[in-house]
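Please go over the structures that come below.
Common to both upcoming complexes is chain A, partnered first by chain B, then by chain C.
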Partner chain A sequence: MSQLKILILFFIVLFVFFCSLVLGPKIIMPGALDDVEREILFSIRLPRVLVAFLMGTALGASGAVLQGILRNPLADPYVLGISSGASLAAALGIISGMIFLGSVTTPVLAFIGAIATGGIVGVMGIKRGGFWPERLLLAGVGMSFLCSALLMLIMSLSTDEGMRRATLWIFGDLSMSDWQRIPYGSALVLIGVVLSLSRAKALNALILGDELAHSLGFAPQRERFILFISVGLMTAASVSLGGMIGFIGLLMPHIMRFFFGADNRILIPASALGGGALLCTADLVSRTVLPPMELPAGVVTAIIGAPYFLYLLRRKDALSI
Partner chain B sequence: MKYYIIIIFLIVGAGYPAFGEPASPPKRIVSLAPSTTEILFALGLGDNIVGVTSFCDYPQAAKEKPKIGGMSNPSLESVILLKPDLVVMTTDGNPKESKERLSALKIATYVFTARRIAELPQAIREMGVSLGVPERAEALARGIESALRKRTAWDIMGRGSNSAIRKEPVLEESNRGRSETHKKVLFIVWPDPLIVAGPGSAMDDAITLLGYENIAKEAKITYPKYSLEEVIRQSPDIIAIGKGSGMDMRAVSRGILQRMSSVPAVKNGAVCYMSDSLYRLGPRIVYGIEELAECLNSRS
Partner chain C sequence: MPSVSNLHILDFNGVCFSYGKNRPFIRNLAFSIREGDFIGLLGANGSGKSTILKLASGILKPSSGSITLWGRDLSRENGRDRAKLISYLPQTLDIGVPFTVRELVSMGLYPYDIPPAMDVDEALDVVGLLEKAEARLMDLSGGERRRTFIAMTLLQGAGLLLLDEPLANLDIRYQIELVKLLRNLRAVRNISVVMALHDINMALQFENVMLIKDGGIIGVGKPEEVLTRDRVKEAFDVDVDIKKNGVKGMYISYEHNF
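Let's look at the complex of A and B:
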């Protein structure tokens, strides 16, 4: 039965992928393409949809893993402060106009910010040779506050123009997706997903508690550490590719748990695929609803997803909360 | 009889401030926007200015004036400490509450309401009258109008009236400032993310006045985040890139221009880098239009 569901999910993802390529402010049918349309399809829409898919995958998988590591249904990839650090670094770059690497400057800065913050949080999570979820959570929240405060400081000191640009990036900006970013993004997300999938059984055990996990043959601290690295990589990749897209990390795992159960070996890939599909859809909506303007993708994601989540919540048996 | 005359003079004299117009220019003026600062300097009131925003950088003398904060967040405390006779603000950039708060503190304010190029000369005239320098304002306004008339289809659009906005059919009647083929222009305010000048912006006004077509004129807001797909579809003939403060626009725009490499503007090298003269609705708008005209006419 669950195999069938996975197959259905897979087909939904393919369908969404196809729609995102074809639909948009103007519909492009793959059959009859003239030069302009071919260019739009291959150099603008295709990279954009791929980036959206990568980001959604990274966020969905990270959310599932993190909710397991922290044993907390409200955990989301941004609770570790990684996104705040990334936003701070990106905003600094955008507002001060650093462009030493051309158009990949902002993603690179965001990635550095993410890894740096993730690193600090990770180090703070260690005590007595162990890697503790409560410490991780608190360190993440603390770093989040610090980075947000610094970010708000920078933005209040900048011109309105600089602030608007930084804000548009932070709200989720897929408009600058190009082929340059895809190799790095794919590599990072792939590493993260493979890493977390390889540890999915351990994650199942961790959820039961450290003693039980230990008695089942896993080294809880080591597993947690490896999973944390995978979450860090995926979240850093996602935020650096296109800013902060909320909702997916937090709620996609819950939605998928309803359909597929809580076994992480299935939940992680399901959340990843679901996240990818949702973000592709949200991006499609954001560029189609008020043409030629583009809305921030993060906003559309939450507007689409949150009501659905609330609806599921009303059905008492739906979610694991 | 004498007493009646004296009493009448006293009443009239006491009531004069209630007329709301200073008899002579205010001695201490605070300006809450770079554009109004420039206009005040152009009206010869530079010495009367006691406070400007931190973004007021033209003319040179403005940089040396005491600062009272930003445009969207001026520090009322700093303004009050300067004991101004008049605070000049705009509807386009200053928070609306400032006027009420300043009035509550019994500080006189003048609100500059022009947002479009068409409204500028009249707004300058009105401000000149309110500030007690009507002749200089008239001269400044005339100067702007004649400069505009030289380059564009200004006359046909009607001087200073709001009806000047969006009168495409009327442009047909004039040959001045009219490009031969009504070419398509895109004015990029910032390349990454792509923000362009849409309807209601000074750049859009300037493009239309010069007889060209702004491809972003159907957008819903003044400075929209624009779809790259749409730019490629619209194939603009000329691209103008505005200047971000302190940025090397050539370097910043390289990426976006590469992605647009199939549009005529990029293929033919019809891309010009402008200064920020069109960003402020003040006396320098004329230079901005000159610059834009230079850019568009030499590449069409």
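Let's look at the complex of A and C:
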């Protein structure tokens, strides 16, 4: 049964991927492509769809991991301010013209920002040796506001048009996607997903509580740290690919838990694939629903996601991890 | 009934522990758990029962002294190796755990690369939960939830089970059920059990009790010998009457306090 569900998810992902490539203001049927269509497909659509898929994958998987390590159903990189921290660090890098690592400077800065913000939120959320959900969420919301405000300040102060454009993508604009960011983006997402999957058993044990995780042979603090690094990598990838997009990390693990159960060995890859499919769909809707206008993909994820989330809320125990 | 062998599986050697710098809590504690032991750790709230179990499981580290597990230093034991020898269940088991009974029980296999002989169905059968294998943990009763965790520790294959107040918040029926299950596991599978509890009459069902006060042992041995009027007064600060009746030949009454 579980294999069948995985197969269905896989086909949904392929179907969404295919539709995202073919559909748009101009419908491109593969087979007989002219030069213009080839240019649209390979220079515009394919990188854009890949960026959306990679971002969604990173957000879905990191949501599942964060909800597990914090034992909190409302955790995701966006809510906890990790995305804003990553964006702020990346934006500061761009504004100050930092290029010490070439094209990977932005993701490296985003990673540092993600880890720093996540660390601060984590420390503020600790009370009497354990994470307190309310403190953690409030700390996340606070940090998120602070980082977003600083980002806005940077945007308002930057006069140079190029810089203004460079910081625009931070707010979830996929229309500027190109091939340049895809290699490091996929590498970071892949490392993050593989790292979190390799610790999936430990994540299951951490959900039972630190003492039971210890009894099962794991070192809770060490496992949580490794998993947190994987979240940092995936958030950095997502932010440096296309900026901040909310809801996917929060929503997708809940949807997938409903279909696949809570075992993170299946939940993490399922949330990753589901997240990829959802963001591709959202992006497809965003560029086809009101042509020639494009909506931000993040708006569409929220419009698709919020009603489903509200439906989930009405289900018994829907908000448990 | 299996006899308790002389093989020591857990030894506390002059163990001291403190929460914070100037709050010594456990002072120079020394005792041994032998193979086949079925021990009730009895004491008032805050007497140190949980701390002793957490030290024994390696969650807390002694500030001085040593703890050995099958003759090996517990603090040097690799996590996975330790998990195959000793299993600890905390007092509070999160009721919001999202797993099914089967998913949770199968976590008992996590310390193993090559799964041991027992499988999930067998472990569930032992605790009488085979029919509820696909149920979600949050939909079970308190007693069933406890038994699910016991099944997980069975699969874990540890020879020593440390249970922190597993009877707390359980109806008397489930309390009896759980104690009988553990006694049976000890008889059939030779699993040694150390269980913290605070019901002095339930302690009579244990082969041995260890009476704890202020982080130290004030009596250890057969319950009918340890649980004297004076010692119970010392441990719980309450006057009791030892009545001679019941299956165990005695019953501890505290009704005259009301």
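Here is the rule we go by: the second predicted complex is superposed on the first by the 232 of 321 C-alpha atoms of A that agree within 3 Å, B and C clash if a C-alpha of one lies under 4 Å from a C-alpha of the other, contacts with A are read in each partner's own complex, and residues count from 1 in each chain.
We adopt the following convention: contacts are C-beta pairs under 8 Å (C-beta built on N, C-alpha and C of every residue); 3 or more make two chains touch, one makes a residue touch a chain.
Worth saying up front: this structure is predicted, and the values here are computed from it rather than measured.
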Touched chain A residues, chain B compared with chain C: B
First, second, both or neither for A:Gly209, with chain B first and chain C second: second
Partner chain in contact with A:Leu310 - chain B first, chain C second, else both or neither: neither
Chain B versus chain C as contact partner of A:Ala262, first or second or both or neither: second
First, second, both or neither for A:Pro291, with chain B first and chain C second: first
Partner chain(s) touched by A:Val36 [first = chain B, second = chain C, both, neither]: first
Contacts of A:Ile8 with chain B and chain C, given as first, second, both or neither: neither
Partner chain in contact with A:Lys26 - chain B first, chain C second, else both or neither: first
Sites on chain A touched by chain C in the complex: 71, 201, 204-205, 207-209, 211-212, 214-219, 257, 261-263, 317, 320-321
Complex contact set, residues of chain B against chain A: 55, 70-73, 93, 189-190, 192-195, 216, 218-221, 224-230, 232-233, 235, 244-248, 251-252, 254-256, 259, 262
Chain B partner contacts - residues on chain A that touch it in the complex: 24-26, 35-36, 39-40, 43-45, 97, 99, 102-103, 106, 156, 159-161, 164-165, 168-169, 173, 175-176, 178, 287, 290-294
Chain A-touching residues of chain C, taken from the complex the two chains share: 54, 57-59, 79-84, 86-90, 92-94, 96-100, 103-104, 107-108, 110-111, 136, 138, 153, 156
